[in-house]
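Each of the next two complexes has subunit A plus one other chain: subunit B in the first, subunit C in the second.
Then we have the complex of A and B:
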């Protein structure tokens, strides 16, 4: 299997406490470019959902005059989704409730700037 | 008092979902720490929105802050939840008394059952009746109350010349005032911190229920924003359902020019808060909590 330029970045994010998976996703078509997930996580489905959520948020923020979306955080009872985008590519992590969100946010925003 | 506050704070830290937030908020209020008391009460109400005693505590805090309108809202809420709530009746009587509406105050205070008639209630009632007896013939109130709280109404002694008590109105005091549609846009003004912050309450169809949103040119764009963001919330719900992470609790979007936060509200509604990029992200989440608490109160009253 070919190693993508994102493998190291995704492996680094997946080592964080509470992270069960990380992806680079194409927002346009919802396909995962690369992923690093724990067993049991359906990477393709999650990638498509995260891309769709990011696209909706981007369009809504554009309509509301809020500018370009840089980071998105969806919280739920048992965890959540974090996404940081750049152009068509979106970096996504799925986390449990025990994850350190502040640290993940900083690292993802930094990493998203390097997405090409 | 500091020992009591420390003990109650420890208790709340051990079990954040306990009801100890009520005595803690009240102790903080009595100690004059009104901002902290307000935060404690609002957070507690976020977890326990249907406790009349909690609304009573919050009302007292508002009263001590001099915000009689919001105090009145909270006491009305307490009465809505428990129509026999004596302290709420006393509080509303106090507010009416402060506003110079002596007839309503007298009616309200008279409803407090004898068993709950503390010396404070009896004294307040006596003051109101005395002031009613001293009302001048032009109808203007002679009372200039300046009490600092619902349990401490202060009354200027009645004027020397007594006139007959005016006939009481046969109109009942409305238990709950109807919402004023013209004020729904200002519903969240008192819980937001600046002009660069907006809040909207949106129904399940993406229609604005309350709040306001203006763009940089001052144009009202609330309906457009509500419709667009309602779509995001349905997407969030779908994603969480598929991931098995439980119900979504909040969505926070950071963009170049603003931070947008939203959370599901009662009855399928959606709460949206936006703030400028200068606002710390954590503060936006706190604002969202405050807006949610305000919306819950309002929805209970109008539904």
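Then we have the complex of A and C:
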């Protein structure tokens, strides 16, 4: 299988403590361009829903006059979803509660700048 | 408004439409006979859409057989503003085809996700109902009866 340009980036994110999976998703299509996920993660479903979430957050921020969405964090009982986008591509990470969100945020913001 | 010829189709299809935010959805048999529709206002449009969807599905299935040894079961065509997704659903009452049209209110990823869910729900609903499998004894009168039911003429 051919490696995409995002393989190393996703592998780097997935090595963080508490990260269950990470994806690069097309926001418009809701399809994963590349992913690095643990067994048991329903990658296609998460990719489609996270892309939709990011799109709606972007539209909401636009409507509210907040400007461009730079980072999206969704906290849940056992973990959360983090997303950072650039143009049509969104970098999504699924994390457990024990993950270091601050560090992940820095890494994702840096990585999102390189998304093309 | 969604209308269906058989009641077991209603809940799964309505859930699909609400979740996936598609604009148009038509459920039909592989013969082209309509079973449910959402988004059309004229029966002639449904009839045309069903005939075309059945033909496209049959062609895609045959191309799949020729190329890959197995029929292609889903097809996606993105247009400039609207997109079409066509997919086969296996239920206990035979193969059905879902034709759906959507715009940028949703995405192909979401449509595929909820299509898989619809397939499971329809199979479950079909198993719980005792409707007879479709017959092609009198296709035209069945088609006309179904269209009349969907558009409130009977």
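Just so it is clear, the second predicted complex is superposed on the first by the 116 of 116 C-alpha atoms of A that agree within 3 Å, B and C clash if a C-alpha of one lies under 4 Å from a C-alpha of the other, contacts with A are read in each partner's own complex, and residues count from 1 in each chain.
We take it that contacts are C-beta pairs under 8 Å (C-beta built on N, C-alpha and C of every residue); 3 or more make two chains touch, one makes a residue touch a chain.
Quick caveat: nothing in here was measured; it's all calculated off a predicted structure.
Asks: For the overlay on subunit A, clash or fit between subunit B and subunit C?
Replies: fit
Asks: Return the chain, subunit B or subunit C, that is in touch with more residues of subunit A.
Replies: B
Asks: Which of the two partners, first being subunit B and second being subunit C, lies in contact with A:29: first, second, both, or neither?
Replies: Touch partner of A:29: subunit C, not subunit B.
Asks: Based on the superposed arrangement, let me know which partner A:44 touches: subunit B (first), subunit C (second), both, or neither?
Replies: second
Asks: Given the touch rule stated above, what does A:77 touch, subunit B (first), subunit C (second), both, or neither?
Replies: A:77: touches subunit B, not subunit C.
Asks: Between the centres of subunit B and subunit C, viewed from subunit A's Cα centre, what angle do you get? Round it to the nearest 10 degrees, please.
Replies: Computed from the C-alpha centres, it is 100 degrees.
Asks: Closest pair of CA atoms, one in subunit B and one in subunit C, after superposing: how far apart in Å?
Replies: Nearest C-alpha pair, subunit B versus subunit C: 10 Å apart.
Asks: Please report the subunit A residues shared by its interface with subunit B and its interface with subunit C.
Replies: The overlap between the subunit B and subunit C interfaces on subunit A comprises residues 45, 49, 52.
Asks: Using the touch rule from the top, collect the residues of subunit A that touch subunit C in their complex.
Replies: Subunit A reaches subunit C through residues 25-26, 28-32, 44-45, 47-49, 51-52, 55.
Asks: In their shared complex, at which residues does subunit A touch subunit B?
Replies: Those residues of subunit A that touch subunit B are 45-46, 49-50, 52-53, 56-57, 59-61, 63-81, 94.
Asks: For a test of understanding, state which residues of subunit C touch subunit A in their complex under the given definition.
Replies: 104, 106-110, 112-113
Asks: Quick check on the complex: what are the subunit B residues that touch subunit A?
Replies: Within the complex, subunit B touches subunit A at residues 213, 215-216, 221, 224-225, 228-229, 231-232, 235-236, 238-240, 242-258, 260, 274.
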